[in-house]
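Listed after this line are the structures, all set down as structure tokens.
Look at the two complexes coming up: subunit A is in both, with subunit B in one and subunit C in the other.
Take a look at the complex of A and B:
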């Protein structure tokens, strides 16, 4: 009858207890320190990344300006390039080297919250008219020791540390009362045990959730996130919902362990053990299973295959050049930008094109295996709510592997546009003009709407809600047999 | 003295018996053992597979080098080879940075390249949760088992009322400490030493292509020493915390908090601090630095002032006025000169980059005085041959190999190429003069020298925990 009244009573009573112990203050302090540090750190990472992007773009514009100046000098007759390689009108060398352009992946508004895979995947790819293998897999410089250890970002605080805080707050939810003998006294009130647990839990959930959520919002505002756009609001919404579910999961787990009626020390150990299993053991086992099911072929072998493709193409190229010149007599007859180099450069293009399809095939095999792996991970992640949460937070922050795959696809398409701009000019032997320089293709990342990630995130949410329900139901059943007296 | 030893012996025997009768010990011990066996099996398999792949790739790239056909030696230098990082035979214990460092570098004319293909980039995001390795079990899980076995060592006696009895019959608190410590050490040792033995036996089957057996056994012995110090420190810490706490619950919470900070918070926080105080340059910055420096060298640019200066110098040296009159190939000479200019630039820039990494490692290790994993992890990777220092040493070997190729190709031009001859080619005979790239893991003493500071930090930490345990036990309150 008076369940809700009791619930409120217990809730308030817990609040007073926490206040008396200054426990709420300590929880707030710990959260403030970790969330604050995570934001400082996440933002400094984004700053560094954007600095790198900026430096790259500066480097590119300086490079382009030098080329344009040189070309203007040649047009004015004051400059004479010594070699085709140095000729800013030579479409081959300009497209292949000198004008190579950075395809940049802009960070999302939430990028600072989860560094995710963004430390392994550079935010820019230097695209040229050369084949894909020459640029697609280049790495950013970083101390591998730093990559191994990982980053202290908000996602780390939420996925790894928050559960520990929750365990510390709730491992002795019932056991302490039992051990102190207060449980028997409490139970002399006409209130069922589950209401007691529910009251204690709901206070803790509210405390941890409201503090974490509000600090997240404050942190976002402090680092200057624009929360007025629809995109950021949707991201924020997902963050908050996922956060709430994840917090609930760990409290539900603590409740279930408390319902087993063991001692406080045992509870603490069981919960720590579960933390290890969920956060460390399960991910590494799933990782192993995935690698056994769909092993990614070795990249070191790829190097040899690509080289073989290039060598073969090189051997066939003389015939290709001859055939081309036979079929296109009009092109060989055209006036040349730099006479002595045309045949050699044409040969380069043919070699490149001949190798391209084989190289694309070789590289596609890796993408296929990786996609297969990701698919298994997508289904096996439900075994560990921590994986579900980490992947979901990466997706919200736009630092997950799928966004980098999206970048890779868009870069592939852009690469074709770039080649279509330069290579016909190389074969036609058409010199580049200053007007061409204004019309070089430019890459702009077409952002996937966050709603397109919606299905994945919904799956993640379900992956948290189901275990929560199971754990709460289990606790409800078990506490019926809870020994109230020692 | 003798009587004291008897007392300690009795306590240790009693404690050990109690431990062995405790289901907690068998449960956690069993799980640890199982995980270690799985980690050993997986680590061994992974190491064998990767090493096999690298060996095959090495053979392929060398064959491609030999089969490249007749061409100008400098063109051959441009063709170059790929160098593949050898896998340390101890990677099955601690794979260290292997997943996060490029495995391959293109050895080509004119430039020292970066390593490409970090395996972690080809993995799912699960990689970031960490790998199940022997090192992980020993660094993270074993301390937890110790905490579990020791947190109630003194508080439990007090809570049961047996502490008062013990002290009343004249047992000194320190005797109790040593006895309990010995018992836990024996139990943990009985759990882990067979694993170490298994590892030693497995090493006998390791391929000795990259390192001599003595080297590997020395390294493994030091690994055992390092982990023994780490775990002994944890035993002392757990016993000390138990002696200093008023209840088992408090001791457990404090120890678990320490375990979390040591294993998860301190490493990340220190990594970020290291990056903050000593930022890694971005690739563009690094490349720009090299490109700027290279502007002073002539490369293939024959209008470069440095080029004309070099030409005049050579002409003067041979006392001729025209390149055609030189007795040696000017092209060969200029390539060699330009390469030599480049070497200095690369040495300087890569040296600076690696010095940054080393500074970051030092900053990270400082935390080891309080949280020993910060010192143990680099020690473990260093001895296993899977840390940044070993990686850079291989990068240096690959660079020297590159220079060997460059020099041989330029020398061939210098000696055999006639000035003005644009059709000069060399053949397989010259390519065969370049041996394959063999890289040995350096001797154990090199790794020890590099990790000496970390070992020192670990020792200091262990002594501090022992002091803490002794002080805390002396102040033990029976009630």
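Take a look at the complex of A and C:
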């Protein structure tokens, strides 16, 4: 009899055993309840964020329409020009405040599967011609209780709960056969022990994987995910591959522990201990190690430095204005009408620009430290397959750090475009027209090429495949000496 | 068919089997007698490759057990002292599984039911969960599993343990039939009367050594009593004074 036929027979027999004890039903029930709740929770989070985005966009739309109506009224002579601050033609106040626009990060089709970093990073950033700190520090304030507990999303079910289910199904994979005495009768037949384990594992892997994968697809369809696009299909493909690898890792771990020939109770204790280490201790250890190696400077201190830079720039404002006037005589030569606050506005812009370079340096220093931390985390994450998996699922969902960094870079670039649109008009005192309003720069997030995400996911996959291979090889070596009888 | 040459097994330096030389031919039933710890089960485990020999060789049908364990397992069947099965499945389902693993193909259900019947299990019981079986019923399924394999050699470790007298008697007849069919049978047992009844030869083991071998034809009632006492002595050495007391009581009764 070929090995494949033995595998098939053992696989089918395991299915009979599960059916007889209705274990397959209970596994399906547990997965249905947890995956279902995770989708409800994940989608409600996305809905909440999208409602906030929609409200912001509506507010911006109404605000711009009011400005345009006001400007049209002034142009038609039905309205008198208001004070500079309220004047819809004033490029400084419009660019800096009234027309400030929202740069929105659209959720991916898989956003509901992993809330990831989206509870710390807002889905939109309000950009104006003011300095970067006016929007870069505007982060979401989430309920600290939620941050502590974490979110019950699909990634949580896969990363945290699925291993528990796998441990429950496989802690006594071989030890139960040994303890109940069936191993002795099985091993009088021409079946290698590794084939017996492989057959038993195969059924469990197929059961857990097929149920989780199919429930995920059903869940995605129920929440209205369009799975017909290439982007969605690629994300789904990665999600399925990662799920399979992660499930394999935990079964491989269970096989390795079973190969140690301990009792079922000892196996359960060892596997539970490993669950705690991999999912709780290692992430915590990595966090502490990174913070010790690269402590992030206090945000409060950074805000203090930024304010000090602004104060310094204010103090030096007269010298700054004088220098600018010397460098740009063509702009300052224009006569100012009575009551015109152009000079004051120009002074604000000069101060703002003088502060900008200092603030950029302060923020860059902070970002460099964060980047160093991230690099260390990227390397140390391979210590725990759970971290690898969590980050990979965040990447598939588009809620990982990398996507928010990408947003930050794109918003930086857009901020410069916005400033380039308004500030020249401020400095040469050009009033805004209705045509200018039509040409205000608009932000559109450019999604990262899937190949870039793919490389990161490939790294994650490797981070799972290597320990799987090591664990299975270890199991194969150890079961050679496995005691068939007590 | 079954051959042990200088077969030795030590556990952590303690000799469990010491240079066993033994041959069981086709159509022969060799009964191994001895007290607990004498080395009977170790001998069987060595033929099954459940344990690795410290020295010597165990051959089945001329094949070294240690070198080609899977090939050897095609030729042997085994019934342990306590047959353990999957409790949530029926006796028939257990038999189907083990038979398929043994033969590499499925046997028709009616043949399996017939085997269970020959082993003494009632047909209606064959479809019930093993969790409700008595030890004797499980033993009968174990016998059916061994028979289904059509093996050339049969290893039995206290096979009648837990069987009622009628089933034990049927089992004796079954062994006679298998012997007639040319199966080589090595049976470890405490049951001297079963050994006398079905055995071709009897070997006495003490502390890992096969101390005596005789044919059952030459075995008279006096010899049987001597074997009892030998075993009892060995038990006493191992702390089995209770057994000797029981034998002494029986002698006084006589």
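General observations
Everything below uses one rule, namely that the second predicted complex is superposed on the first by the 463 of 486 C-alpha atoms of A that agree within 3 Å, B and C clash if a C-alpha of one lies under 4 Å from a C-alpha of the other, contacts with A are read in each partner's own complex, and residues count from 1 in each chain.
The definition used in the following text is that a residue touches a chain if its C-beta (ideal position, glycine included) is under 8 Å from a C-beta of that chain, and two chains touch if they have at least 3 such contacts.
What you see is a predicted model; the values in this text were computed from it and never measured.
Contact with subunit C, but none with subunit B, is seen for A:187 once the two complexes are overlaid on the shared chain. By the touch criterion defined above, A:16 reaches subunit C but does not reach subunit B. Ranking subunit B and subunit C by residues of subunit A touched puts B first. Contact with subunit C, but none with subunit B, is seen for A:5 once the two complexes are overlaid on the shared chain. Look at A:41: by the touch rule set out above, it reaches subunit B but stays clear of subunit C.
Of the two partner chains placed by the overlay, neither subunit B nor subunit C lies in contact with A:123. In the superposition on chain A, contact of A:107 is made with neither subunit B nor subunit C.
Of the two partner chains placed around the shared chain by superposition, neither subunit B nor subunit C is touched by A:385.
Contact with subunit B, but none with subunit C, is seen for A:276 once the two complexes are overlaid on the shared chain. Chain contact summary for the complex, subunit B toward subunit A: residues 35, 42, 50, 53-54, 56-57, 60-61, 64, 67-68, 82, 84, 96-97, 99-104, 114-132, 136, 140-141, 144, 148, 151-152, 248-249, 252-253, 256-257, 260, 264-265, 267-269, 271-272, 274-276, 279-286, 288, 300-303, 353, 356-357, 360-361, 364, 378, 387-388, 391.
Those residues of subunit A that touch subunit B in the shared complex are 37, 41, 44, 48, 51-52, 55-56, 59, 82-83, 85-86, 116-117, 120-122, 137-152, 156, 160-161, 164, 168, 172, 264-265, 268-269, 272, 276, 279-281, 283-288, 290-291, 296, 298-301, 303-304, 307-308, 311, 366, 370, 373-374, 377, 386-387, 390-391, 394, 400-401. Of all the residues in subunit C, the ones that touch subunit A in their complex are 45, 48, 50-51, 70-71, 73-74, 76-78, 80, 82-89, 93, 97-98, 100-105, 129, 142, 145.
Partner subunit C is touched in their complex by these residues of subunit A: 1, 5-6, 9-10, 13, 16-17, 20-21, 180-182, 184-192, 483-485.
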